[in-house]
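After this come two complexes, each holding chain A, first together with chain B and then together with chain C.
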Partner chain A sequence: MTTLDTQPPERRMAAPRKRARTFPRLGKYATHVVMITGLLVTIFPFVWVALMATHSRSEIYSSPPPFWIGDNLAENYIKLLDVMPFWTVLFNSLWVATAGTVGAVFFCSMCAYGFFAFNFRGKNLIFGIMIASMMVPPVLGLIPFFLTVQFLGILDTHLAIWLPGIANAFGIFLIRQYMVQSISRELLDAAKVDGASEFRIFWSVVLPLIKPALATLGIVMFIGLWNNFLTPLIVLSSPDKYVLTLALRSVQSIANSPWGAIMLGTFLSMLPLLIAFLFFSRQMMAGLTAGAVKG
Partner chain B sequence: MARVELVNLSKSFGEVKVLHDLNLTVEEGEFVALVGPSGCGKSTLLRIIAGLEDATSGEIVMDNEIVNDLNPRERNIAMVFQSYALYPHMTVEENIGFNLRISGVSKAEKRERARAAAETLGLTDLLDRKPSQLSGGQRQRVAMGRAIVRNPDAFLFDEPLSNLDAKLRAEMRDEIKHLHHKVKTTSIYVTHDQIEAMTLADRVVILKGGVIQQIGTPTELYRNPANSFVAGFIGSPAMNFVDATLETSGGQTTATLQDGTKLVVSVDYAALGRDVKLGLRPEHLELAANSATNAMPGSVRLVEPTGAVNHLKIKVAGQNLTVVDDTLADLALDAPVHLSIAPEYIHVFPKDE
Partner chain C sequence: MADTTPDPDVTDIRSDAPRRIRRHSTRRRWVKTLTPWLFISPFIIIFCVFTAFPLMFSAYLSFQEWNPVAGLASMEYVGLDNYRLAMDDPWLWKSLYNTTWLALVSGIPQHLIAIPVAYLLVMAVRSGIRQVYTATFFVPFITSTVAISLIFYTIYSGNSGILNQWLVAISKWPVFSWFLGWVEEAMPIRWLNSSDLIKPSIAFVVIWKYTGFNIVIYSAGFLTVSKDLYDAAKVDGCNAWQQFWNIALPMIRPFAFFAITLTIIGNLQMFEEPYVLTEGNSGGVGQSGLTASYYLYLVGWEWLEMGAAAAISWVLFLFIAIVTAVHFYFNGKKGLGGDR
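Now for the complex of A and B:
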C-alpha cells in the first residue's frame, strides 16, 4: 500500500535511529557470545574424539587429559584392525545406509505420489493413521519388529536393518507435503494429455521437481541408518556382519578397552557424514525449511 | 481432425449435478467457444472431453467412435491450460517435444517437429530456455506449441489467455485465430470472456448452471438471444433490462414503462403475457429529441469517456440505463435528455425468466 508521507526524511529516520542506539553493540555481542558458545559445545566432542584417536589408553586416562595431538595414531590404527575387521564393518555400514537410503527415497516418493495424485476411498484415513504412527515411540515397536524379522527369516542379515524402513511415515509425509506445494494439478493433467503413463508422470515430471525433498530425505535416512545402533543390536549376531555402531560398542565391553583405537574408529566413522553434510547441507536446509515461508 | 459429439452428457460430483444432459456437435475443423459465468461447468465439460474426468452418464463421440473409456492419449486431443502447465525443469524444446518422446518418435524427427512448431509460433530463439526465463506470452506460445506439435484431432483450450494482460490477450487472440485458420483443427475453447468467445469462435455455446442456454454464431447470439441470460451475457457494455407491461391494440404492440412512457415494439409479443422485461442494448439507445419515435425522458447520472465513445448512465423510469454515445455530446450531470430506440432493436423477455 502506498501512503503519502508528509514528514521530512530526517524526521522519518529519527525514530529507528534512536532505538538502534540504545543497545546496538550489546545485542550484537550477546548474539555472538551465544552463537560461539553453541558452536564450541557442538564441536567439542568431535575435536575431542579426533584428539583422543592419537593417544594411548594411559594418556587418555591421565589427569588432566591431554588436549593436544599425540603420537599414537599408527598404534591405534593397528589396534583397531586387531580388535575388529574395521574396513569390513565400514563397508557393511555403507551398504546398509546406501541401500536403505536409495530404497527409502524411491519408495517414499512413490507412496507420496499415490497420496498426492490419486483419490481413493479411505485416503485421508490411511494418511491419518500413517501420520499417527509417527507418534508411537520406536522402542515400543522393537519386540514386534524382532518377531516380524524372525518370521520373515531375515534375522542376522543386513536386509533386516534397511528393508523395513524403506517406506516410512516420515519420508512419505515429507515428500507428499513438498509435492502439494510445488506441483500443480494442471501439470499432471498436461502430462496425461501428453500421453504419459502414471509411472512416466512420476518419473519424468514429478521426481525432477521434488529433488530438494529427495535430497533431504536421503540425508536424513543416511544419517539415521549410519547412526542406527538399536536395530543392528537386535538383529545381527555374526561379528562379520556388524555395522560400525555395533562393532565400536562391542569392543568397549572387553577388559582394558582400547580407547585410542575406539576413538580412531569413531572418528573415521564420522568422516563420511561430515563430508556428505559439507556437500549437501544446502539442499538439506532447503528441503527441511521448504514451505515454512511463502514464496 | 475430428467431429466431436456430446450426447446426453451429465456429470455429478456426489450429490451436486454440474452438467445436465448436454447435447452438442462440433463439426470437423470448427472453432467452438464454451462461455459462461464461473461455476457453470464449462471447464468440467472440457476436462470430460479431454478424458481427464469421467462423465456420469452420456457419451462422448469422436469421429463416430464412443471414446468414454479412452484415456487422453488415445483420444488424440491436445489441451492448452490456463496456467500453461509447462514442465519447469525442461527447456522449451523439451516441453514441446515431450509428447513425441513418450510416443517413441525418433530423436531426429522429434527435434525437427519441435523446431517446426517453434517456428510457426516464433519461438525459435527461445528453444534452449526454461519456462521460468520466459514471459507470460512466450509461455502461452510454448503451451500452444506443445499442442500443435503432435497434429491432434482436436484442440482444447481452457481459458488460455486469462493470465495475460489486456494488450497481450488481444495479441494472443489474434494468434490463436490465425493458427486456427492455418491448421484448421477442430477446436473447443473455454472462456468466461464473451468478447474472446465472440471474436474467436465460429459458434458460441452459452452455459449456465450446467445447462446449455443457446448455441449459435456470435451474430445470432447478439441479434436473437434465446433468453435474457444470453442477452445480458453477450454484448459489451451489457444489455439494459427494464420492466414493462405489454399491450396490443390496433395491430400495434406497445410496452409501457413504469413511469408511463410508451415504446412501440416491432413484433407481436402478446404471447409473453402482460408483464415483461425489455432488453435494450446500450449501442442501440441514442440521444434524441423529445419528438423522436420511442423517446424516453431521463436525466444524466454519469458520463464515462472512453475516447471513441462515451458511456452514459441515464436514469429512465427509475432505472439507470447504459448508453453508448458515439456523438460525444457534451452533457452536464442531471441534465434532462431523451433517449430513443428503434422498435426492431427492442428485445422482449418474460419477466420471471
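Now for the complex of A and C:
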C-alpha cells in the first residue's frame, strides 16, 4: 500500500485501465491461492461423502483415513435398502417437489396476474398484507400450522407438505414484479379488443412472455421443497411416506448405524441437484439470489 | 366482419333488446368485479388457511393449556401462565443465549470472508474463471442442510473422524508441532459431545454453507461499481486500500443490507444444523446446542405442550422482531438509500 503511495502520480495514471491489472502480479498469485484454498474447503465434504459411500463403517473410521475408492459400494447399497425404502423415499421427494413446483408456478402467476392486470377495491390492502406476511418468521406459525393440517385431515400425507406453498407471497411478488417490467398495458388492451377472455389473455398472452420469471420461481421452489426438512418432520409419521431428508436423519441414530450406507444415501440424495447445477448454475444462482428467501 | 351478410342472431337480439341488454349488463358487471378476485383466490384461500388462521390461533393458544392428543375439549384457559412459565424456564433462556451466540459467531465471519473474497474475485480474476469460482462456492447453498450436517457429523466424529486424524497428522509436522503439540494428548476431541465445542462446530457448518451465497451477492454488488469511479480515485491519489474502503464498500451498502438481513432472519431461526448435529437429542450435552426453534420443537412435539410452545414462539417472534428492528434502524436508511 505504502509503495503504491510513493509512486509518482504519472505512473499511477499511466497504469493500464484493465481491472485485472489493478493488482500487482504477486497479489494475483496470492489471490488464486486464497481462492483455491476456498475451493478445496468447499469441495472437500462432497468428495469425502462420495468416497465414504464406497467404504464400510470400520474403514471410514480407520487410521489412516481412506483417501481412495473402496470396494464396498454394492454392500452399502444392499444395507441402504435394508435400513430405508430408498427408492420409495426418493420418489416421495420427487413427487413433493414436482407437485409443489408445478402448483406454485401456475397459481403464483395466476395471482400475480390478478394483482397486475386489475384495479379493484381492497387490492392495495391485500397486497400490503401479502408483503407483510413475508416478514413473519415461519417458526411462529409452526404449531397452529400443524394443528390446521391435523384438522384438515391431511396429517401424514404429502399434500400437507407441498400444498401450503403453491400460492406463496414470495412467488406472487416475484412474478408480479416481472410482469410490471415486461408486459405493457397496450398489449393487454389489444388482446381485450380482440375479444379474448381474461383467462385466455393470462394463459396465451401473458404466460409465454414471463417464462424467465416462471423458470426462476420453479428453480427456487424445487430446491426448497427437495431440501425441506422441518415440514416433513412435523407432518409425516409413517416411514414409507418419508422424504429423503427425513429418512436420512431417521437412520442417523439407530444402533450400529451403517455409515457407509448412510453416506451413500446422502450422496445420492444430493446428486440430482448437483447434476442440475452443473448445467444450469447461472440460472439457479440468479434465481436463488433474486429473492433469496431461505428454505 | 359480418356486416355484409344478414345474421339471424343479430336480428334476434334486436327483437327484445331492452330486457336482454339490461340483464346482460348486470351479469357483465358482476363478472367484471369477480374476475380479479377469482385470479387472486388461490392466494386468499391458502393465506387464510395456512397463515392467517394459524397466526391468530397461535395467539389464542398461548393462553391455553392443551395436549393435542387429548382432543380439543381438554383445552383449558390459563391466562398468562404459559408466558410466566416461559420467563422462568432456564432452558428457554439458555436456548435464546445459544441462538444469539450462534447467530453472531456463524453470521459475522460469513460476511467478513465474503466481502474481501468477492472484491478480489471482481477486481483481480478474469470473468470466465470468476464464474467457475463463484459457482463452486455456491454449491453448498443448494444442497440440503440435513445431508450436509450428516456429512459433517461423520467428519467431526470423536473416534478417529477425519478432522481429528488430520489434526494429529498436522501436529507432527515440523513447524506446526510447536503450537499443536497438545493435540495428541487432547485426543479424542469430541467436537459434538462436549458442551464447549458443540456451538463452534455448528457455527462452522453454517459458515461453510452460507458464505458462498454471500460471495455471490457481494460479487453482484461490486460489479455494479463503475470502473470510472476507481479511475477517478486513482487520479486523486487513492491507494488500493482506500479504493476498497472509501469507494467500493460504500457502494455495495444496499447489497450488504440485503445479505445481512437474510443472515439475521435465517440464523435466529436456526434449526436443522443443531438438530442433526446433536442427533435430535435435547440439544446435545448440557443443552449447549439447543437453539430457540429447536426448543420450540421439543416442547411442542416431544413434550406435547402446545400452549407452552405457542407462548415460546411468540417470545421468539418478539426477539426476532426486536433484532431486525434494531438492524433496520441503524442500517436501514443507509442501506436502502443506495439504490432506491
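Assume the second predicted complex is superposed on the first by the 237 of 295 C-alpha atoms of A that agree within 3 Å, B and C clash if a C-alpha of one lies under 4 Å from a C-alpha of the other, contacts with A are read in each partner's own complex, and residues count from 1 in each chain.
Throughout what follows, contacts are C-beta pairs under 8 Å (C-beta built on N, C-alpha and C of every residue); 3 or more make two chains touch, one makes a residue touch a chain.
These numbers come from a predicted model, not from an experiment.
Asks: Quick check on the superposed pair: does A:208 touch chain B, chain C, both, or neither? Answer first, second, both or neither.
Replies: first
Asks: Let me test your reading of the model: by the given contact rule, A:275 touches which partner, first (chain B), second (chain C), both or neither?
Replies: Neither: A:275 stays clear of chain B and chain C.
Asks: A:47 in the overlay: touching chain B, chain C, both, or neither? Say first, second, both or neither.
Replies: neither
Asks: Applying the touch criterion given at the start, work out whether A:134 contacts chain B, chain C, both or neither, answering first, second, both or neither.
Replies: The answer is neither, since A:134 touches no partner chain.
Asks: Going by the contact rule set out at the top, does A:200 touch chain B (first), chain C (second), both, or neither?
Replies: After superposition on chain A, A:200 lies in contact with chain B alone.
Asks: Once the structures are superposed on A, label A:229 by its partner contacts, choosing first (chain B), second (chain C), both or neither.
Replies: Only chain C is touched by A:229; chain B is not.
Asks: Name the contact category of A:166: first (chain B only), second (chain C only), both, or neither.
Replies: second
Asks: By the touch definition at the top of the document, which applies to A:114: first (chain B), second (chain C), both, or neither?
Replies: second
Asks: Looking at chain A, which partner touches more of its residues: chain C or chain B?
Replies: Of chain B and chain C, C contacts more residues of chain A.
Asks: Counting contacts the way the document defines them, which residues of chain A are shared by the two interfaces, the one with chain B and the one with chain C?
Replies: none
Asks: Show which residues of chain B lie in contact with chain A when the two form their complex.
Replies: Chain B residues touching chain A: 47, 50-52, 71-73, 77-79, 81-83, 85-89, 98-99, 102-103, 146.
Asks: Spell out the residues on chain C that touch chain A in their complex, using ranges where they run on.
Replies: Listed in rising order, the residues are 33, 35-40, 42-47, 49-51, 53-55, 57-58, 61, 68, 117, 120-126, 131, 133-148, 150-155, 157, 159-162, 165-166, 169, 208, 212-213, 216-217, 220, 227, 230-231, 234-235, 237, 239-241, 258, 262, 265-266, 268-269, 271-272, 275-276, 279-281, 292-293, 296-297, 300-301, 306, 309-310, 313-314, 316-317, 320, 324.
Asks: Could you pull out which chain A residues touch chain B in their complex?
Replies: 184, 186-187, 189-196, 200, 204-205, 208-209
Asks: Mind listing the chain A positions that touch chain C in their complex?
Replies: That would be residues 1-2, 4-5, 9, 12-13, 15, 17, 19-20, 22-23, 27-28, 31-32, 34-35, 38-39, 41-43, 45-46, 48-49, 52, 60-65, 107, 110-111, 113-115, 117-118, 120, 123, 126, 129-130, 133, 135-148, 150, 152, 163-164, 166-169, 172, 198, 202, 223, 226-227, 229-230, 233-234, 244-246, 248-249, 252-253, 259, 262-263, 266, 269-270, 273-274, 277, 281-282, 284-285, 288-289, 292-295 of chain A.
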